[in-house]
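Multiple structures follow.
What follows is chain A paired twice: with chain B in the first complex and chain C in the second.
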Partner chain A sequence: MKAGRSPGLWLTLAAVLAAGLAPAIAESDTMREGMSTLLIFVTLATSLNILLGYTGYVNFGHIVFFGLGGYCGFYLLSRHGWPLPAAALAGGISSVLLAGMLGACILRLRGAYFALATIGINEAARAFVSTFPPFGGATGLSINFDVYRRYGGASRALWTVYASLLAAALAAIAMSHLVRRSRFGLGLMAIREDEDAAQVMGVRAPRLKTIAYMLSAFFPGVVGVLYFFKNGNVEPGDAFRLNMSIETMVMVMLGGQGTLMGPVAGAAAYERLRGYLITSPLFKNLHLAVAGLSLLLIVLFIPAGAVGWLRRRFPPLRRFLE
Partner chain B sequence: MILRVRELTKHFGGLRALADVTFELGEGQILGLLGPNGAGKTTLFNVVNGVFAPDIGSIVFEGREIGGLPAYEVARRGLARTHQVVRPLDELTVLENVMVGACFGRERHSRSSAARVAGGVLERVGLAERSGQQASSLNVAQKKRLELARALAARPRLLLLDEALAGLNQTEIALMLGTIRGIRDEGVTILMIEHVMQAVMGVSDYLFVLDHGTVIARGLPAEVVADPAVIEAYLGDPDAAAGLSR
Partner chain C sequence: MSPEFISSLCDGILMGCVYGVAAMGLTLIWGVMRVVNLGHGAIMALGMFALSLLVAHLGLNPYLALAGVALLGFVCGVGMYWTAVHRLIDAPYLSTLLSTFAVNMMLIGMGTAVFTTTPRNIDFAMRTVRIGALAFPGTRLAAAAIAVLVTAGLHLFLHRSRTGAAIRAVASNRAAAELMGIPSARMLSLSFGIGAMLAAVAGGLIATIFPFTILSGESYQMRSFVVCVLGGLGNPLGALAGGIVLGLLEGGIPFFMPVSWVPVIEFAIFVLVLMVRPTGLFGGER
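The block that comes next holds the complex of A and B.
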């Protein structure tokens, strides 16, 4: 990965790193909280893009990996005293395993049927967790505040979580780039364009799709654990918000599905918009309606998203806009 | 024999698309497949290359049974095909389209060596200067050549061509025929469906004819086109056909 050969990647990583370091330099807790949300959005959108953008499979259940991975890691952390890094990794791995199992069943479906199945999975996961005693049922799990002492007090713990979120976002972007530039990624894009024709050319679609689904599940699981650790508790309603899946999709579509920068730019733009809408007296109850409307407008007028549109409009910029 | 197909039968609901189809194909030959619309030619291709599983019968490719294997397994063993209705990967570039063939075909190239293979193949089919363009921007004749390029990039042992000449003008047909002969001369065996009679007669070593899913004639091109059963299948009444040719 020489910088000269993939300027788009390094630009993106540098921008996210710079934005991510800003709260640490300013030593501002409020900035840190805002930026945490943004980094979570970046990670979710970038990982969703592997399935939605590269493979062309619409997934309304992306947040299941955040929720269930988060639950698994949080359970290990709160009930079995696992340290945060191990718990976060375990959260990611459990999401990957879940995706592997689900993928074997539902990736046979295509188009709208797959999309519908993923909604079903979100609801099923929520129902399962609400009635699963080790995960605390409907009330969920919480941690004793003593746990934070292991990380040098609550404040230090929050900064540790923040650094981990930043690292996860950067790693997710790097993974997205590697997939995009690989033989595997080419196979995914062939599936997106015409799955049957791809198989006739030798693309093992069932295996590639499952791997893509599993890869897209890892970072949401990691980030889920970090997020719930930061909150100190996890409950079913918070872990499996269908609207969060849809908002993630808006970010990917807004920035440009199938591009590297698109989901990052889309996440940043959406985070700003959402922040404005939630605090504005006029729109505060309507932010999801605005998200839905913007998804509609994007699909109708700029289906390639902002980055895709710019790439098409200004071919010389393609080297930088990946 | 590189391909032996025996007693192949395929039904779609109540429709018998293929019935007891048997044929063989020797290494390095060009075998032409004729038949009126709806005779089952494309279905035969779909069963041979794994898009559909056969109901009954066997397909032995290079000594191994491939009947019922998924299409990607068949492709990896060195059997490539083109589609009658072109299926470009629209949003990918011409080069990337061809790289898919090289990456996932018989030789399974890495991405960088696939780019080299694809470049060479594009040169050969005359699309080299289009390689950076999106596949959707090509015209029909170019898309046909792209189909062929993708199949060739897989470095197949056997190539199935589904109406590679349809929709092309005289110059384009001559160009394509030259390319097809060149491919054969490199040792690739070819099975081709074709409607352009003169073209297929000129290029094929043998012909066989399907009608209503059964083989009604086979042999040297000159014999097959003179066969009354073939004339009847194409024109209806053999006497009327004889009258026409008089």
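The block that comes next holds the complex of A and C.
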């Protein structure tokens, strides 16, 4: 298989795996919490990249899949006693179905119109969830502490969640790579470069865009369920943070949109930066402003992101940096 | 129809005029340079705060202070154009969406640090005007009147003045306008300034009516998008009409279903209009 012989993919997977195993080896809970956040970022950024990087469509509502998938899975888990793996899969699948339905409507819009519609979707989803009675309205849902007993106590349950997060991140990266190397991915990139020309050449733009949108929805849904299971509760404000969609976009742009490694590197860099800004007394209240400034500087001066810039600057590295 | 329903619809129309002004700023910028200004809400929030500071510290009448707010908005807009938009004017739309959003994050982030997110309001009240069974708060009437005046002013500026004609020329064909000796970059920055000015004025007007926080701009920005699309993107007069339609919806919907459904319906309409009639309810064929 040609797609398997790619140093870039294996390098990325190895790096994520090594970083992900570190907390398990050190058996440190603080390290695990930090890495969980990072793995969630990696998964969100990598899946957003399929739409933002490969297809060139701005999606301000990426976090909707995280929130709504998380809600669906959490609902099954807490109210119907589904086991975690099944609930996580159900969360991912419900996100995909939602994306399929939304995509059929809003992906007929092009360019900036699509971006506007996705902002609306985030707001509408939050409003919908806070008024939908089975999802607990504005207070959300929470799980009984007993549920953790099924997974061998709270501490064991948290390690299980962590392992699942790691697996989800690795799977998202592998999926991103497969899309990139496939005929389907080439179609997406053709749409990014020139949608009209692509359609003339026989690319079925609406269908491809919808599939890309659905693919990008799956892992956020899975990760959403894991995240809310870890927290023990879910509420609308926490599930649909527009900021989080934007932060994910910053990660993708920072690392390099349309590359495989970019979103991973961007997520790691952003997590570090955010951790520093939030804890430093000077920037504590300004972390949003600093994130905005870095986004502006990237867009203005290095629109290809770190990986894209390195690839252009040092052609020999192209074999490894994808 | 009950009097409450009618008075709620009237309130909706008055608020709708203000939404119209906010949307006019967005739609002007879109019409002239095909840029969606995602910093619009942040500038509205700045307008709110500027007005409240001017009123609280200088003791100005809010409607007088509005002139200062307008000037501030204009300066912000021109500054924003040269820093965040000018370099990207010919880049794919993705870049300007991200760069204006970055400005939004910076403004909101700094605003949150300075003003925190506790709600504020402007201590100012006007006599309530009664017509039959209907009562109109004076501040809303004044806000709607100013909104209509601003709309008329913008229309006259665009269609009667030489600069306005130059802006319209740049909007319809930048390259040709440049060949006719119109400094297109200056016109673009001017229209961005006017767009931001309209946002700041709308923010100021809203601040005289409702309490606000630094984050309130966001929800009004959402409404502005809906209004722009209803009125047809790039059509300033349509924006006022779209604003009134949205105001009527906001006034009428709560009588039929819970208030929290209003945004869901607004965005359903938004997406529907974009798909079925992308030139807006009042727009002509393009």
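Here is the rule we use: the second predicted complex is superposed on the first by the 318 of 322 C-alpha atoms of A that agree within 3 Å, B and C clash if a C-alpha of one lies under 4 Å from a C-alpha of the other, contacts with A are read in each partner's own complex, and residues count from 1 in each chain.
Going forward, a residue touches a chain if its C-beta (ideal position, glycine included) is under 8 Å from a C-beta of that chain, and two chains touch if they have at least 3 such contacts.
It should be emphasised that the depicted structure is a prediction, and the values quoted were computed from it without experimental measurement.
Touch criterion not met for A:263: it reaches neither chain B nor chain C.
In the superposition on chain A, A:224 contacts neither chain B nor chain C.
When the two structures are aligned on the shared chain, A:199 is found in touch with chain B, with no touch to chain C.
When the shared chain is aligned, chain C comes close enough to touch A:111, but chain B does not.
A count of residues in chain A touched by chain B and by chain C gives the higher number to C. By the document's definition of touching, of the two partners only chain C reaches A:288; chain B does not.
Contact with chain B, but none with chain C, is seen for A:190 once the two complexes are overlaid on the shared chain.
Common to the chain B-facing and chain C-facing surfaces of chain A is no residue whatsoever. Only residues 181-183, 186-187, 189-190, 192-194, 196-205, 258 of chain A touch chain B when the two sit together in their complex. Of all residues in chain A, those touching chain C in their complex are 52, 56, 58, 105-106, 108-109, 111-113, 115-117, 119-121, 123-124, 127-128, 130-131, 242, 246, 249, 253, 285-293, 295-296, 299-300, 303. On chain C, the positions that touch chain A within their shared complex are 34, 36, 83-84, 87-88, 91-95, 97-99, 101-106, 108-110, 112-113, 218, 222, 225-226, 229, 258, 260-264, 266-268, 270-271, 274-275, 278.
Per the touch definition, chain B reaches chain A in the complex via residues 49, 51, 70-72, 75-76, 80-81, 83, 87-92, 96, 99-101, 103-106, 108, 110-111, 114, 150, 154.
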